[in-house]
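What follows is a set of structures to go through.
Common to both upcoming complexes is subunit A, partnered first by subunit B, then by subunit C.
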Partner chain A sequence: MVVACLAMLMVLVFWGTLYQVRFGLFAAQEKFFYSWIFLQFGWIPLPGAQLVLAILFVNLVASMLFRFRFGWRQTGIILIHLGLMLLLAGGWYTHQFGEESFLALVEGEGSNVSSDYRMWELSLSKSNEVEREITAFDTRGTSAGTIFRAESYGLEIEAGIYHSNCRAFQGGESSNTVNASNITGFQPAERNKVPEEDVPGMICTVRDRAGGEADLLLFGGDPGPTLLETADGPVYFQLRRKRHPLPIFIHLVDFDRTYHTGSSTAKSFESRIEVHVGEVVREVLVEMNKPLRFQGYTFFQASFQPLESGAELSQFAVTRNFGRLIPYFATGFTVVGLAVHFLMPMARRRK
Partner chain B sequence: MRRCPVVLLAALAGCSKSDPEPRTYHEVTLRVEQPALDSGGPAAPGTGPATPGMTGSVPTADVGLSWIAPEGWEERPGSGMRLATFLAGGSECTISSFPGDVGGLRANVDRWLGPGQLGADTTGEDVSNFIVAADRFSTKGGLSGVFLDFTGLTGDGKSMLAAVLKKDDASVFVKLMGPREVLEQERDKFLALAKSLE
Partner chain C sequence: MNDGLIGSNLTRHSAESSERIFDARISKFIRHWVFRHSSFRTRVCLFVAILFPLEVFAEESGLCLTELERVPVLYNGRKMPLDSFARAVLLQFSGRQKIGDESAVSWLARTFFAPDSLSPDQIFLINHPHVLQSLAVEPRKRRRYSLADLHAGLPKLQEHAAKASRLEEELRSPVEKELIRIYGNVGMFLQLQSSFSFTFPHRDLVVQDDGLRKEMGFETEQDRSFLDIYGKAALLQPYLTSAQDMNDERAWTAKEREAFRLAGILFTQSRAHRNLAFTLIPVDPHGEEVWVSGWDALSLNIPDGALRKALLELGTAAAGYNAGDQVAFDMAIRSYRMFAESRIGTDRALQYMEMEVRMNRWNLFGRAASTYAFAFLLALFALLIPRRPLRIAGTGLILFALILHGSGIGMRMAVMGRPPVTNLYATFLFVGFLCVVLGLVVEWIQQNGLGLTVSSFSGFSLLLVAQRFFLDGDTMHQMVAVLDSNFWLSTHVIAVTTGYAGCFLAGVVGHCYLLALAFAPGNKERLASMYRAMMGILAFGLIFAFLGTMLGGVWADHSWGRFWGWDPKENGALLIVLWSAILFHARMGGMIRERGMAAGCVLGVIVVVTAWLGVNLLSVGLHSYGFTSGLAAGYYSVILFELLFVAILVPLAGGPTKSKGPPVPSD
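This part shows the complex of A and B:
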């Protein structure tokens, strides 16, 4: 069974590698590695990596429970099996509960939220100040007729049209929708190979508790929120990348980069940031391969972009993974298990 | 057993999609007012800010320019610093203007060739020679400009054609970025567009 599972994993890696060349990394991951069953060539049902790994895990547990005779002589084998089981369990845990997002800041800017790469949200707030309370709805699965109920705002928002990826237009025939960027319409577009590049659009009807009604056009590329006067006061609406609240406020003080002499190849880039935790402020230098770690979050220096204004934008990849140490423990178990397994017979022979 | 379909329907109804649940959080986002990015449009992670609250006023791009759109190119209206966008052979061509010299020609060429954009592996000497050898031209309206064909510096993948012009105190950029084949095919139309500026 183990050999069959490992062989299937090899096949999946091979197919996945070929598939991602044409359809992109995300599509390959979804089809071959995050699936239980998938259709190869459109009609042959085959097990995905999730199913194969689950079988491998169950097989390891079963072999330990029913085939092993527990004793000192089996210590090595048991440790190896425990290590492998821990590795598989850790992979599952990271996949299920890990979060990946990014934080893009221009020098002088700061934030306590990071943005999701793929997920979007409909956000509502009563102000557009630096500090504000947000009520947000995930837009995954939104379609015509989806109702977003924001009771604290006295609003009901009904999606009329929702496109996961679209192109927006200004000008032309004026529509009766409200939009902050004077966008008058959008057209659905094919999903990108890289889902991060998709930009959604939504036309929705907002109803307040006084019976007022307005049609909003929200586009993921809107540079700012759209303001609407409702019975309960002004409300700012925005379709934007889903935000993940962080336990700290990060303020980008300075971004610096150096190039290899005589070329435009980056040698290093680093961000000097202030980390605010409550009233406590400390300065940290985040460099390539030297991330900031805090309460299960890791902030990596991911990329940068010089702006036309002369300022620089620094982007951090933000991961939240409480299981990041599991692979180290798992590998440790396996290495110790292998050592014990091979050294014990040698020691016995010497005696 | 007759009740099975009823039970099944009830179960399915129970599983039907429910309305999205709201979540609330406290957001503190300090933004520095920036002119709209040259790249324009929605920002993808890794390439742009994707900022939540870029609510600052966007400086107007109106520097009193007009142009003639090449035949076969689809023109779309601009916004912010972007005066116009054209779809050319599946790639995007933009005309944008910025106050001042935006760091000068050399700084802009370095930035375009840098890792965030074309990612070309060039030396400082290559860039100097490239700028010296670039074609100079005049537009219909008497503006002087430099035409930069980056296809000679980049590999077979993505490359760029750019024209940098001065209009009073502003810098005007005409840029077409896309696959090398598209750039070669659209090169004459690109030059015609740049030369039509007045």
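This part shows the complex of A and C:
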């Protein structure tokens, strides 16, 4: 059973790796590694890595309980398998509860929310100021007919069309939809290899308390929100990347990159940031391999982009993960276990 | 003058003789150390063994270039001695480090100081026959072509290459890629040829006006070099200003007219030679260190007396080279070098430049490889005729090669200031080293020649593969930012490569086991000890492969914020761990026996090679840090060979083996 599972895992890992070349890392992860079962050629069901790993885990627990003989001689074996169990459990925990998002800041800017890579939300607010009350709806699984109810705004929003990825265009035949940036329509596009690059679009019907109705066209690439007058006053609508609140406010002071003399090989990227925790402010330097950690959140230097204005945009990857140290312990256990297990017979033979 | 003569000759002698002393010391040490405890026969074996790898240093004809070799150059973002630059460039062009018997630096010196627009040096490697056809060049046996060969086809080459580079990278066929590569190389060669042309007399640069010529201090009416005129440019200045004040050209005096003509030529020439690839002069015009070519240093026109003097020294050096005047050449190069070194200041690259030149010259890895090869033959012999002296000789030989190999790795580390493994090339050096050490440990425990065979074989074969990677040119590139962490390079990378070494060596032993089982199944004792060695090495490999994989996770967690991301390289390392785990579990569960285990180890080589190279072939993901031509062919042939080996030898090794292995601990 173990051998079969491991062999299946090997096949999956190998196949999944080859798959990445053509369809990108994300697709491979979804299909092979984070799935329970996937269909090959549309009809052959095969177990995904999740399932195989789960079976392995159950198998580990079972053999721990029923098959292992406990004794000093088995210390190594037991340690190895305990470590592996911990590793699997930790991996599952992280996958299930971890959060990944990003924070893109231009020099001089600051923020206390990070944006999701893939998930989008429909946000409503009463004013366009910085400090404002926002209601947001996750747009995952949205399709024609999905209804969002915003009670405090007295609004009912019914999605007409929702494309996970689309291209917008302006001009052409005038439509009766409302959009702040004069977009008149969009065409669905194929999902990108890298799902971060997908930009969704949505046409929805907004109904207010007084029975007024309007068709809104919202595009993920809209530079600003679209304003709509409703019975309860003006409401700003925007389709944007899902926001994750951060416990701290981060202000980017300066981004710096250096190259090895006379070449385009990057030597370092670093961002000098101010971290505001409540009233307390401190300055931190975030570099490659030197992230900022704060209460389960970690901020990594991810990428940068020089802007036309001369300023630079620095992007941080933000992860939230409480089980971060589990793999460390698990690795420790397993390695010690392996060493003990393989060294013990040698030591015995010496005697 | 006398001082210089003595000085330069002295250094030359001391450099060469210190190398001879070094070699002599090694051989004396070994002679002393091994000979004391050995019989006459052993001595004979050892004598032959030691003589073999120590070739005599070949003297070069023409000028001695030891001064030039040490001149610092910036190339691909690394400060290196000119010798390394010459080798890297020649490798990039021709895939060789020498042309015929001529060293790279001697070729480069000719290219610099005595360029020939129809150079007959066959340096451009062209692999694809279609490229030859499209350039109308007659194919040569050795596939290397000179500028003279390509001369007629150059306009066509330019046209084709321009067309090819407009295509998107994925759409380019091998022919188009080759065209672009060759166009780049020819272009680079032409740039190299004009790197020092500012020191050559040029027919346009004759000062025709007698008065002006006298003022500039030139006695005869002959061709002058850019540098000559440039050095006297201050004398032209007043004429230029006065000429500019006058609107009417016809009113100019003969001197003004001549000054204007010369200035114009200087301007066009310096424009034509901007941004040459060979950068050897460190300047910092804006407080930031920039390296420029000689031409650019001239046209930057920095008010800097030392720089000006240094450029004049380069002119003297070129003249000295062409006149065959060793002393003048050495002195000029040396004083230029002192200028460059003073500009670089206290860079660590400078301190190790001398060492790098030595490392290039000693060719430690090449010598280690040939010694391993010889030791391998000896070890095979020792397997057939198990005699103690043979084994001792083999051990001594391998130890000697190991010292060469290890000091090569040590010198690389010193020069780069990095842990041993920083790129794909270095993994082969390091894994080879570890395999040899592991093999020697096996030999030390079992004392039956097995360890010698596998260690010398893996040392030789891995160094041979490493030599192929030389084709990339410089093997000591700078690290990209994301990998720039000595801590992780020395933990994760070392652990993973140790894992590779263990699993690879277990595979080599697996080959031996299957061979022994097939052709000498009678020797139960030998089979049992081989099996023990194989299991031990595999276990060692598994521990480190696991540790390395997980440390990789820790590194990834530190720098990308995730422990595991199913990146190809991560998956590759995982494959090794999984495969070893499968083997151990299958063995314990009784699904396979000794023969199956050995076959498994042999197939494990495929897994190792896949993790090691296959991933780079995919060229996706964060880890694909090195691409190399010809890699794919080697990779697939290893796979094919191992599959065939198992398919043929497993049935040959007979049915269920009766040989009783060691007691297997059951779980």
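Rule of thumb we're sticking to: the second predicted complex is superposed on the first by the 333 of 351 C-alpha atoms of A that agree within 3 Å, B and C clash if a C-alpha of one lies under 4 Å from a C-alpha of the other, contacts with A are read in each partner's own complex, and residues count from 1 in each chain.
The rule is simple: a contact is a pair of C-beta atoms (placed from the backbone, for glycine too) under 8 Å apart; a residue touches a chain by one contact, two chains touch by 3 or more.
None of these values were measured; they are calculated from a predicted model.
When the two structures are aligned on the shared chain, A:267 is found in touch with subunit C, with no touch to subunit B.
Within the superposed three-chain model, A:146 lies in touch with subunit B and out of touch with subunit C [touch as defined at top].
With both structures placed on the common chain, the touch criterion links A:225 to subunit B but leaves subunit C unconnected. In the superposed model, A:278 makes contact with neither subunit B nor subunit C. When both complexes are overlaid on chain A, the residue A:298 reaches subunit C alone and has no touch with subunit B. In the overlay built on the shared chain, the residue A:117 is in contact with subunit B alone; subunit C does not reach it. When the two complexes are overlaid on their common chain A, residue A:309 makes contact with subunit B while staying clear of subunit C.
Overlap of the subunit B and subunit C interfaces on subunit A comprises residues 262-263, 265-266.
The touching residues of subunit A, counted against subunit B in their complex, run 102, 104, 106-113, 115, 117, 123, 125, 128, 130-139, 141-142, 146-150, 169-171, 181-182, 194, 196-197, 199, 220-221, 223-225, 238, 240-241, 243, 245, 249, 251, 262-266, 302-311, 313, 315. Those residues of subunit C that touch subunit A in the complex are listed here as 74, 76-79, 279, 289-291, 477-478, 480-482, 484-485, 488, 536, 539-540, 542-543, 546-547, 550-551, 553-554, 557-568, 571-572, 574-575, 578-579, 581-582, 585-586, 589, 591, 610, 615, 618, 620-621, 665, 667. Taken together, the subunit A residues at the contact with subunit C in this complex read 2-3, 6-7, 9-10, 13-14, 16-18, 20-21, 25, 28-29, 32-33, 63, 67-68, 73-74, 77, 91, 94, 98, 100, 259-263, 265-269, 288-289, 291, 298, 300, 317-319, 321, 324, 327-328, 330-331, 334-335, 338-339, 342, 345-346. On the subunit B side of its complex with subunit A, the touching residues are 17, 19-32, 34-38, 41-55, 58, 76-77, 79-81, 98, 102-103, 110-111, 113-116, 120-125, 127.
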